[in-house]
Amino acid sequence: MSLVSAQAVAAHNNRESCWIIVHNKVYDVTDFLDEHPGGSKIILKYAGVDATEAYEPIHPPDAITTNLPIEKHIGAVDPNTVVKVVKQVTEEDRRRQAMLDARPPIDEMLNLHDFEAVAKTVLPAKAWAYYSSGGEDEITIRENRAAFQRVWFRPRVLRDVSTVDWSHIILGQKSSMPVYISATALGKLGHPDGELNVTRAAGKHGVIQMIPTLASCSFDEIVDAAQPGQPLFLQLYVNRDREITKKYVQHAEKRGVKALFITVDAPQLGRREKDMRMKAVDDNGTAKVQDGQQDVKKNEGISRAISSFIDPSLSWKDMAWFRSITNMPIILKGVATPEDALLAYDAGVQGIVLSNHGGRQLDTSFSGLENLPPIIAALKTRGPWPNPNFSVFVDGGVRRASDVLKALALGASAVGIGRGFLYSFCAYGQEGVERAIQILHDEFQMNMRLIGARNTNEIVPEMVDASALSSRVGLSPPDNLYNNTYQPLSTAQFKNKL
Amino acid sequence: MSLVSAQAVAAHNNRESCWIIVHNKVYDVTDFLDEHPGGSKIILKYAGVDATEAYEPIHPPDAITTNLPIEKHIGAVDPNTVVKVVKQVTEEDRRRQAMLDARPPIDEMLNLHDFEAVAKTVLPAKAWAYYSSGGEDEITIRENRAAFQRVWFRPRVLRDVSTVDWSHIILGQKSSMPVYISATALGKLGHPDGELNVTRAAGKHGVIQMIPTLASCSFDEIVDAAQPGQPLFLQLYVNRDREITKKYVQHAEKRGVKALFITVDAPQLGRREKDMRMKAVDDNGTAKVQDGQQDVKKNEGISRAISSFIDPSLSWKDMAWFRSITNMPIILKGVATPEDALLAYDAGVQGIVLSNHGGRQLDTSFSGLENLPPIIAALKTRGPWPNPNFSVFVDGGVRRASDVLKALALGASAVGIGRGFLYSFCAYGQEGVERAIQILHDEFQMNMRLIGARNTNEIVPEMVDASALSSRVGLSPPDNLYNNTYQPLSTAQFKNKL
Amino acid sequence: MSLVSAQAVAAHNNRESCWIIVHNKVYDVTDFLDEHPGGSKIILKYAGVDATEAYEPIHPPDAITTNLPIEKHIGAVDPNTVVKVVKQVTEEDRRRQAMLDARPPIDEMLNLHDFEAVAKTVLPAKAWAYYSSGGEDEITIRENRAAFQRVWFRPRVLRDVSTVDWSHIILGQKSSMPVYISATALGKLGHPDGELNVTRAAGKHGVIQMIPTLASCSFDEIVDAAQPGQPLFLQLYVNRDREITKKYVQHAEKRGVKALFITVDAPQLGRREKDMRMKAVDDNGTAKVQDGQQDVKKNEGISRAISSFIDPSLSWKDMAWFRSITNMPIILKGVATPEDALLAYDAGVQGIVLSNHGGRQLDTSFSGLENLPPIIAALKTRGPWPNPNFSVFVDGGVRRASDVLKALALGASAVGIGRGFLYSFCAYGQEGVERAIQILHDEFQMNMRLIGARNTNEIVPEMVDASALSSRVGLSPPDNLYNNTYQPLSTAQFKNKL
Amino acid sequence: MSLVSAQAVAAHNNRESCWIIVHNKVYDVTDFLDEHPGGSKIILKYAGVDATEAYEPIHPPDAITTNLPIEKHIGAVDPNTVVKVVKQVTEEDRRRQAMLDARPPIDEMLNLHDFEAVAKTVLPAKAWAYYSSGGEDEITIRENRAAFQRVWFRPRVLRDVSTVDWSHIILGQKSSMPVYISATALGKLGHPDGELNVTRAAGKHGVIQMIPTLASCSFDEIVDAAQPGQPLFLQLYVNRDREITKKYVQHAEKRGVKALFITVDAPQLGRREKDMRMKAVDDNGTAKVQDGQQDVKKNEGISRAISSFIDPSLSWKDMAWFRSITNMPIILKGVATPEDALLAYDAGVQGIVLSNHGGRQLDTSFSGLENLPPIIAALKTRGPWPNPNFSVFVDGGVRRASDVLKALALGASAVGIGRGFLYSFCAYGQEGVERAIQILHDEFQMNMRLIGARNTNEIVPEMVDASALSSRVGLSPPDNLYNNTYQPLSTAQFKNKL
């Protein structure tokens, strides 16, 4: 591979001829500018210079090599010609570093909320916006959490709970708890090791990770980080080019992945307006791009930028093809109605995830938890439940082991947690994920004792009262004129003290 | 027409003889003072001087000429005698101009709320009060929005949604979306081009505008601004003088208007107390008027000032007469009960709008959306639904394409949006309306894909869960004594950092 | 009557011998100290000096003369011996006077809330506490308001509403609206003319006042202020000494009072803790009283102080006796259950008031409005409704004419408003009451037009939807940990502006 | 017992040899370090020095002597060798002392909330955290309060309520009210006299105290403080070592305790994260402990530290054994389902307490009040209710006599109040408890009069409306974008005033 001087690269700094450096390699992206899912503007910002730092958290390492024809791979940059740029430390960088230094000791993390609170503070604004945003009015993202608080326990007492065991089998794989780690994208936005933090912690504690299609780390990096025999699942966004998908799936199966979760609720990615606004803010700070350039993708945020390859034509007809290319169990992630649950069952797949994509897709869609009872009821028309050949998972809004127990009592096969673990590694890396797992273990032990269930088989429907599950509460008009004059009650006042 | 010197006008500066200048013409309004729907006080403020600036946004250009007998038209003001008054720039003017300059770039508008936020900031207080106010306790205006959040989607997955099409036929006219732009009054209060902003944007993007009776621009100005073949509807307040109404309606039909929407929920305009208070504030700043003057209309706000011509005797008996004067489809705007929906159907009109006048009339009346299911049910007793001869529209509180899809799923023929477009031109003129339309297009595309509907015929009742639609939430007493002592949970604390 | 020097009075300044001056008369209250319903402490504060200013707003003028044996009436104070005390103007007095001067012009009062807002600001703290307080946790006082917002209108359109008439007959008396002014106590706490403000305004505008037993003005003062033929009702707290009650009732009847409203929900006055706290605050500022004095009544507030004469033994058995002493219609004020409504009907009285005493008695008792439908249903078992021989009134929480219309639609005979008028005279005297009446007239006109009722007979059950009337909303736990990290959506941001 | 010099003790100041002084006795706790339920860290803080101050509020006086083998009791410390340490007064100590001095006079305490407000201010942070914390998300602890506000009264009028009597029989014992004082742990954290405050006040006012297993005072101290014949109950945590339990129960019976309340909802203590965080904070301030020490119990809070002896294997099978060791009535505290209520009934115990442990155990478990109706219904299948052989008590969230009346109306045998009395002695010692009792007496008198019940037998189901009892309200998504632009209504504005 030929060596190219940094000065030579620098000459190609415009729309007519645009070269960039990524990981010390030089690429000619002139013809790719208009195809870049994230818009041309962001690439032009790095025209003629090194783009690695911006490229890395958003793309798997091999994204550029697989997308760009080989003749556009110009060569390696000559290291002797590179002028080391001293990175400008911004005020915001300094604030973040100070907060990182001031993080609470990890053993003060008492619940999954704590990780989120730390992550919110130490994450770059862009990463927080991307991870935390929900679709449109963000009603569904909050509903996911709220739904769990509408299911109440009916605890049984005076059972001998000296020994309680919450280990569980998920799609034939052993898990130390009835929880798997659901896929979340772009882990390096939040931590340099990205998804590997999860892989390592999961392996150590007997939990199953679902690898995201949109991981920052490459698929193989993740699998390589796993321990021998550590079970992994794969989340799949189906590509418009089915050959790419086939190669990806079959490679995963060959590498030992145990189940394929096909995302079916994202023919187009949702409007996550916090993320979109962040993109706008970000653009404002960039170098001037020639005026008049019509760049319709400019402020659609990271989410939309990275998702243009997803195929909106995916349909039930494709199921047979999937069956033909893999022997892994196939799970459809994002089913929301009994109608589709039965279609899935009848299509011969091995299960579904009741999910609304973490509240990031269709707004005012129900929580997976609320969809659970009618869907279990529908599946019972096909045979007894639980059904050894068909699994129903739930994800979205889970923060506590008690949330998991509620879903299990209502018939779920297991529960996925995404952001809870994502935030734990954003805050403390691999150690954060391990602590999060430990917290859940503590909570499982206590809650199973308190409801009187000694193993996951004893978590039965009678242990919860879900009669209020559909009592979603709507908006309520404040009584402004009355409240203007109503004087709240107060308790007795302490005496004057100087 | 004779020329009159500004000095001669200035002599008529009192209740005994009151002349004013409007658009360079001089009028003797002495006898009209007590008949002015907005009260005499506001006219006396301009007695003997030029009133154009105050007159213009509140009245169509021809209001004074058609209301004042010809003998009171004194003549034209002699331009040589006019002393150019340098308009005092107030602190508030300066604030508004600064905010106008600081508006976010238009491509950062991501949803219809954004326009409202900008409009709220850049509008004169009086205009904001007039546009934004609702009836009495403003319960209904907020309920309009809240009702949409009580209908949830039941999305279908794995349909091929590579192509989705949300174009629609409304009263036989093609529309690029299942939305029409509903009538809102006095557009020039918010932007110098007033309603023309809407007309031009609507023509460019294939959307239908409903022209308001109380437009700031004259009817003909609006129609003239339309493109050839651009469909327009007309909103009608029925005048106590039916000849005026007849002339108006027939003129509209001649100019090509495609449908007549008769407002039936406003025999008297509502108490919009924000607007009324603004009037009071405004009065305080005006020139001293002789004490003791009893002006009962003084603080009734713009709404009431402009509406005194509306006929409270309008009744079902008038329907035959309307039928006799026009061939346009007749739609009754403001129906709220199945009883009246059936009366409308049986009276032979072509449709109804389930509307509460944007929450500006009867307070604690239901949202149009909540009225939709029982009214569709009632209409089904007259034949299958949808009925090609009868349309049911809904308006009020619509902010998202998803709101529109919910109404359509529940049986609506199409949906009206008023304030959403009004605020978009208050904030950015015609360009604002265009951007608002574009945003809706984006939202329609995404949401139709996510619910699995490829065209508007596929938006079926099964796609929504409206079981909570009537679960309006009431006021709730806070537990002040308890809250005084309850200490909220908090997450782990960061370490001390200087 | 003998003259006593102020110096002679001053010698009796202790618990062993306690004289006070009221309205220039000297009384020996030594033996009365322990019987004083307001406790001895407050009297001892004025031992040996003039107590008129403290006495006046709390007692009718004749309270002391009728309660104290004639031999304790020492004589008149010798005016030549009285040292004119210059009243200390406190900081609080100054603040109140400044706020009185700054009151909004009365024509800016747009609704009954406005009067309450003004009254809250200009009233002495003690008066506000007494008037505004409710029982215990103040749940019921707020529920009274909230209940009206759970009844929604079903408005009818296209009726000829050019003429609407809301005049009404209440217990055979003509009223300009379906509203009477309910009794509230101690009017002089809020305005020097006390209840007379109401009497005069009511007479002028054809509204009926209910005279309170605990008026600051004497019964005869009030009746004397009425116009010839002006109908008046009387509210009665039944005295432990039935002769006093008999005399009072028969005197009222002789003076032309048209109906007797016997309060039945107050065998003991409620815990109004705001009022009780105010008493405590007040006490702290007073002169030192000898320690060790056990005064259990010390901090029970005005309410309890003035009510010790009320007879807790009052029962159904007394009804025959009441019937025997008067021919006025007898109405039981404070009935809350269908069971008691039927007992009242069968006891032969002429009506009931569904009232919870303005939320000042039993907390978590229902609003009168919520009790209305089941009680009307029960009374229908005794014959058709409305029943010419039996009236059902409602009071509590009424702020708008629309509230009144809702109660009428649900079967009420008329509606009582207490605080609404009380606050109007606290804020603006008689003129305030007149303005309040005018506002209600305006609201009646508009709302009757908007619901399509041309007179009070046309206000029918079908005009309201009360299906949510019992949907009282309870307390809801906030999700503190989640809310700590959830970042609210925001609209587009304006650019930086200096 | 041999004398040991303080200097000799000081030599044993590390993990290898750790002596401490408690109440002037020297103990070798080296081998006990790893068994200490509160972790070794806290003991090591006092290695070689006097630990009495830290020991006292958390442990009964005899905890160390009964837990430590006799050979580890080194001897008495030689008083001549002790250097009096002047206790450092911290900023926080000064703040607390100032607030104690500024407490409101006790007669300004008007309700139980007032005591809580004072206690919150004057308690050490650690004590407040321990007392006030609830389980996990603290939903249940607030639900306990909220449930009472969902039961409304149906008051009866015109009954002769001149005499009302709320004295009551509880498990055969006379009580001056239908309330007992429920067990709360570690009273000395809040007041030096700990539980004795309650014992003395209860004896004086005829109320029954339930003695907690985890009292700061020893069982005998408490019993000794009782008056002759004063009835006492005992709350029991069952020890893993049943002999200890047996000895404890039989000793209690011998000392005259009238009933045994066995806690069945705490096989493991709940996650009370406020308490756990406080522990973390506390640890940060302590002396450095050797790094690397793995102390998993380090931040589990007081609750978990003191509860490790509780036996999680306790089950229905143990009931016969309890019956065999005592003749006291046996009550199971913490039953939450009709299933377990019937098991309890059939197991031959004398009653149950519907309790969720003050919201400190399983979160999102129902309030005792909500569990009451279905459990009474279930028990009615075993015979008429009330049943003289079986009692059903309720505790949790009670703040008012009206709360008690609601529970009684729904079938409860009596009601327990814990924190209400706990906070009253934290704020004012014994006098606080007496005042709290007096307040409840006042509230009982008033409320019984207002509902029309003359004794506790007249408190019948028809006096409450519990139809909304299960209408727990869930979380509700705020409408952030709308609220950003909605402008609340306001009342008329006062004029400018300088």
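Each chain gets a letter, A, B, C and D, in the order it is written, and its residues are counted from 1.
The criterion applied here is as follows: a residue touches a chain if its C-beta (ideal position, glycine included) is under 8 Å from a C-beta of that chain, and two chains touch if they have at least 3 such contacts.
Here the structure is a predicted model, which means the values were calculated and not measured.
Colleague: Going by the stated contact rule, which chains contact subunit C and subunit D alike?
Modeller: In this structure, the chains that contact subunit D and also subunit C are A, B.
Colleague: Sharing over half of the contact pairs with C-D by residue number is what counts; pick that pair out of A-C, B-D or A-D.
Modeller: Matching pair: A-D.
Colleague: Since subunit A and subunit B are copies that touch, is their contact same (over half of the numbers shared) or different (under half)?
Modeller: Different: fewer than half of the residue numbers at the subunit A-subunit B interface appear in both copies.
Colleague: Where the CA atoms of subunit B average out and where those of subunit D average out, how many Å apart are those spots?
Modeller: Distance between chain centres, rounded to whole Å: 60 Å.
Colleague: What whole-number Å value describes the gap between the mean CA coordinates of subunit B and subunit C?
Modeller: Once rounded, the distance between the two centres reads 42 Å.
Colleague: Multi-chain contacts in subunit B: which residues touch at least two other chains?
Modeller: Residues 108, 110-111, 113, 116-117, 137-139, 142, 145-146, 149, 273, 277, 471-481, 484-485, 489-493 of subunit B each touch two or more of the other chains.
Colleague: Mind listing the subunit D positions that touch subunit C in their complex?
Modeller: Against subunit C, the touching part of subunit D is residues 105, 107-108, 110-111, 137-139, 142-143, 145-146, 149-162, 400, 402, 442-443, 445-447, 449-451, 462, 465, 467-468, 471-476, 478, 480-481, 484-485, 491-497.
Colleague: Show which residues of subunit B lie in contact with subunit C when the two form their complex.
Modeller: 98-99, 101-104, 108-110, 113-114, 116-118, 121, 136-137, 139, 264-265, 267-268, 270-271, 273, 276-277, 280, 298-299, 311-319, 332, 334-337, 339-340, 343, 361-366, 470-481, 488-491
Colleague: Help me check something: in the complex, which residues belonging to subunit C touch subunit A?
Modeller: Against subunit A, subunit C makes touches at 111, 113, 116-117, 120, 128, 132, 137-138, 142, 145-146, 149, 273-274, 277, 280, 399, 473, 476-477, 479, 481-482, 484-487, 489-490, 492-493.
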